[in-house]
Amino acid sequence: MLEVKIHNLSLKNPVLTASGTFGYGEEFADFIDLSRLGGIIVKGTTGSHREGNAYPRMAETPSGMLNAVGLQNAGVDVFCQKTYPRICDIDTNIIVNVSGSSIEEYCETAAKIDALDKIPAIELNISCPNVKKGGMGFGTDPKMAAQVVGEVRKVYHKTLIVKLTPNVTSIADIAKAVEEAGADSVSLINTILGMAVDVERRRPVLSTITGGLSGPAVKPVAVRMVWQVAKAVKIPVIGLGGIASANDALEFLMAGATAVQIGTANFLDPTVTVKVVDGLQDYLNRHNIKDIHDIIGII
Amino acid sequence: MLEVKIHNLSLKNPVLTASGTFGYGEEFADFIDLSRLGGIIVKGTTGSHREGNAYPRMAETPSGMLNAVGLQNAGVDVFCQKTYPRICDIDTNIIVNVSGSSIEEYCETAAKIDALDKIPAIELNISCPNVKKGGMGFGTDPKMAAQVVGEVRKVYHKTLIVKLTPNVTSIADIAKAVEEAGADSVSLINTILGMAVDVERRRPVLSTITGGLSGPAVKPVAVRMVWQVAKAVKIPVIGLGGIASANDALEFLMAGATAVQIGTANFLDPTVTVKVVDGLQDYLNRHNIKDIHDIIGII
Amino acid sequence: MKKHIADFVIAEKKTIGSSYFTLLLKSPEALPEILPGQFVEVQVPDNKEVFLRRPISIHDVDYAANTMTLLVQVVGKGTRTLSQLAEGRTLNLVYPLGNGFSIDGQKPLLVGGGAGIAPLLYTAKKYSEKGIRPAILLGGRTAELIPVKEEFRPYGEVFFATEDGSLGEKGLVTQHTAFGKSYDSILTCGPTPMMKAVARHALKNGIRCQVSLENTMACGVGACLCCVTKTDHGHRCVCKDGPVFNVENMKEWAN
Amino acid sequence: MKKHIADFVIAEKKTIGSSYFTLLLKSPEALPEILPGQFVEVQVPDNKEVFLRRPISIHDVDYAANTMTLLVQVVGKGTRTLSQLAEGRTLNLVYPLGNGFSIDGQKPLLVGGGAGIAPLLYTAKKYSEKGIRPAILLGGRTAELIPVKEEFRPYGEVFFATEDGSLGEKGLVTQHTAFGKSYDSILTCGPTPMMKAVARHALKNGIRCQVSLENTMACGVGACLCCVTKTDHGHRCVCKDGPVFNVENMKEWAN
């Protein structure tokens, strides 16, 4: 039994796709049956259209990559009018990642998504490392994090997931603050702030100098933080960071995650998500485990 | 010209070995000419003998490893009486990494090392993630960090390098605090707190559950932090974290490091340090750069 | 067009000069339709330092044999590793990706520079299938840096421009006498400065022109938004909205 | 003893049963002196998921041919990758590492279990060079899991114990009739429970006993302190102070 619940949200299995790595799902429809996923968390959506940062936005690193996309998206209105009708009937949970540079922007965007019948949850991104204003700024201070979440909570009535940044001294304190402010779940980790240098050209690889590190390289940090947060809060934790196999996903589940997100691995293997779903079921069968809950938080 | 200075300390080249990865140098004497190194930072030394943590202490991760050694060492008195006489005549800078669980322990140990003629500097480790008391605790709070450094500064009169932890929201603030408290240099990054799970046994791989992540996986995070700290302080910065080649070292130098340390890479190739020294000289020759200072902090 | 992920076998590897090589890749199954100018994302085996797939444009396709040819220049650790793989090795591909060239115009000119020549062979073939013989202008710093030459002759009139004069006219492709002639469509792939010069010429003379860009990529399917280029309508993904762009939408880029 | 880092060529690879294989590694240069029970740290090529070297004990040495033989059991991704390398491939080794067995006693017993049998062949040879024929007791769950058998005959009297009785006496090595006989020295390598049982027997009967441990390692030279074992004198590095330990110093460990 792979079914899990995140607050009111039922997932047929604990495997979600991470925002910004799976487009709107459509990009991967040629490779996998999207209905086999626990859910799809679509691209970060903001109050209005954003161009994002200049190219180059990406650097390859050992077992990982840096990105500095900077929330490029068409804005929430275009999402509601054009994108939503196209994807709302995919037979899985479509979750929208909501980003912004001000509390007002977060709230306006969340309220508009709240009105969409077939979007059962949002992931509030208070941890984007690639935008100048707001973004990670909100996620590194417990008070500010609680304030954003509290305000969004007033206007958003479905499952509210808050995505946390790892670029803090104590992620457990941030998690507790957003739990108190009304979050139904926390997802972690967003990318770790990093940098790469082109030594031949003697300049940063990224146009923004720094960017967000993701991929297997960050997995040990992500598992540790999931373990710390799962011990600190009562709401369900969604784990992500470098998951590329069922064993990776199991590390997060055993560390206390109720569900996981697969991000960068989609770039290496567009079919990885369903392989992880199958791998989780194989593990349960192999170990005669009836219910995935029997291993969640076992550590 | 590869020669650089860290406060009063002259290095024939910017390549040092990282504490805890190169023993006392002797372990690598069969593989390389130790006198070719800019310096050797020996094992973490504490006020008295420490057994360290239980086995298992190590986990392999993507492009990296977790360790939880926990400052196993014979104590400062054994170092002064037995180890120091054995290694003090190696023709390079021998720097002692000083660790502790209390300000008193840091000060006593530093004072004893201060008395050793042929030890021109210490690296104060306020960032060990693998000891229960003290260690990283001192390094995550600017006030405590400043306090330890201030007290040690009173009893230690040679070059005082302070090793910083990356497990903080703002490493630049910690760096500024220890600079004000009298540090002559800062070295970063120590390991990033991480965790690995043995999913077949359903338990953590490490006896301590969490450990410190090192290796190429962390390089982008380390380069970013070196860049942030170099912009924030006036004292020289020593960069480390995943360096395995001359190009890696150049990333740190261009980001603002005056010298670098090579750690985990020594486990993969015991001759890597001299390869990096040669590679740096090759780079300067290839680009007709007279002095390594011409590229330090170029970004 | 449906995208696929599949294992191919390296049926043949040829080294061309000092920096180029071709891989003849055979599929166990029938190939889907592939448009000229499309590319593949290759998983690079063996090399621990290579994490992401590498985008490589499709040089030629043989539907009868179920083979694709990739023409690659060794430019970094990914392409170097590919150049060292033995025949018989399996390569995993995500393909066909991108929009590809539209085969339009009655009097087309194909302009290729260096590794950018790769997608033009299959493109020239597509024209010939329509009974059109394009002018094909190939350039490089030296003759050796023009990886394929004779292969183009069956499909059009071929001209060469080299900076050292070692083949064809001395100078840049844009200085070649053939370049100045009149065409109703220009398709180009190569170094950015070359493509921009070609684009400016086309815009000035009102000739329809398609440029094929080569930004670094991660996903290859338009999901990660890492490979964007500036267009007159904002950022667009080279992997999904490109790699081929009509210069009508790239005026800012061209200048 | 001086440690070296050098490239070896895989001169021969043999598969043994379903989980073991041997690599015959040839050095271009003369081998340094290697003690029985010492090990190498092998750099594992190709596999992007393998980061660290892998410690593997030395099974046999041929100074005349400049070759070393490694006997390896496939237990994880590192050893699996090694098992898949083709003959002719180059392997980089750091060697010889560790202290090794001391070849003492006039009436020695060698006790090996599973992969732990590997270091005992070269050890038996060293005894025979001294004109001593040790008793050699080899155990495993089944006959198939005892990778080498006949190879030992020239150097001593060989006994087998298997849990399923498929070879020699049925049961554990410590239940074998040969085990109870009188010896003045016992050398053992194998699963920890087996070695502890052997150690307790030796301690009880005042027989000198050496155990060879197999902890996971990083550096292999005593620098990182990751591979420590508890001894009666505190933590010691298996890579440098071991892998061989005298049970006199391992009383706590043995119980």
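Labels for the chains are A, B, C and D, by order of writing; each one numbers its residues from 1.
In this section, a residue touches a chain if its C-beta (ideal position, glycine included) is under 8 Å from a C-beta of that chain, and two chains touch if they have at least 3 such contacts.
What you see is a predicted model; the values in this text were computed from it and never measured.
Novice: Leaving out chain A, how do the leftover chains split into contact groups?
Specialist: one piece
Novice: Relative to chain C, which chain's C-alpha centre is the most remote?
Specialist: Result for max centroid distance from chain C is chain D.
Novice: Which whole number of Å gives the spacing of the CA centres of chain B and chain D?
Specialist: Once rounded, the distance between the two centres reads 35 Å.
Novice: Centroid of chain B to centroid of chain C, CA atoms only: how many Å?
Specialist: Centre-to-centre distance between chain B and chain C: 47 Å.
Novice: Whole-Å distance, chain C centre to chain D centre, using C-alpha means?
Specialist: Computed value for the inter-centroid distance: 55 Å.
Novice: Would you mind listing the residues of chain B that make contact with two or more other chains?
Specialist: Within chain B, the residues that touch at least two other chains are 61-64, 215.
Novice: Tell me, which residues of chain C touch at least two other chains?
Specialist: Chain C, residues with two or more chain partners: 48, 51.
Novice: Work through the pairs of chains, note which ones touch, and then classify the graph as line, ring, star, complete or other.
Specialist: Chain contacts: single closed ring, each chain with exactly two partners.
Novice: According to the definition of touch, which chains form touching pairs?
Specialist: The list of touching pairs comes to A-B, A-C, B-D, C-D.
Novice: Write out the stretch or stretches of chain A touching chain C in their complex.
Specialist: Chain A reaches chain C through residues 20-23, 27-28, 30-31, 51-52, 54-58, 60-65, 67, 69, 72, 215, 264, 266-271.
Novice: Per the contact definition, I'd like the list of chain C residues that touch chain D in the complex.
Specialist: So the residues of chain C touching chain D come out as 45-48, 51.
Novice: Any idea which chain A residues touch chain B in the complex?
Specialist: Against chain B, chain A makes touches at 59, 61-64, 66, 140, 167-169, 192-197, 199, 202-204, 209-210, 213, 215-221, 223-224, 227, 242, 247, 250-251, 254-255, 283, 295, 298-299.
Novice: In their complex, what parts of chain D are in touch with chain B?
Specialist: Going by the criterion above, the answer is residues 2-5, 43, 49-53, 94, 215-230, 234-235, 240.
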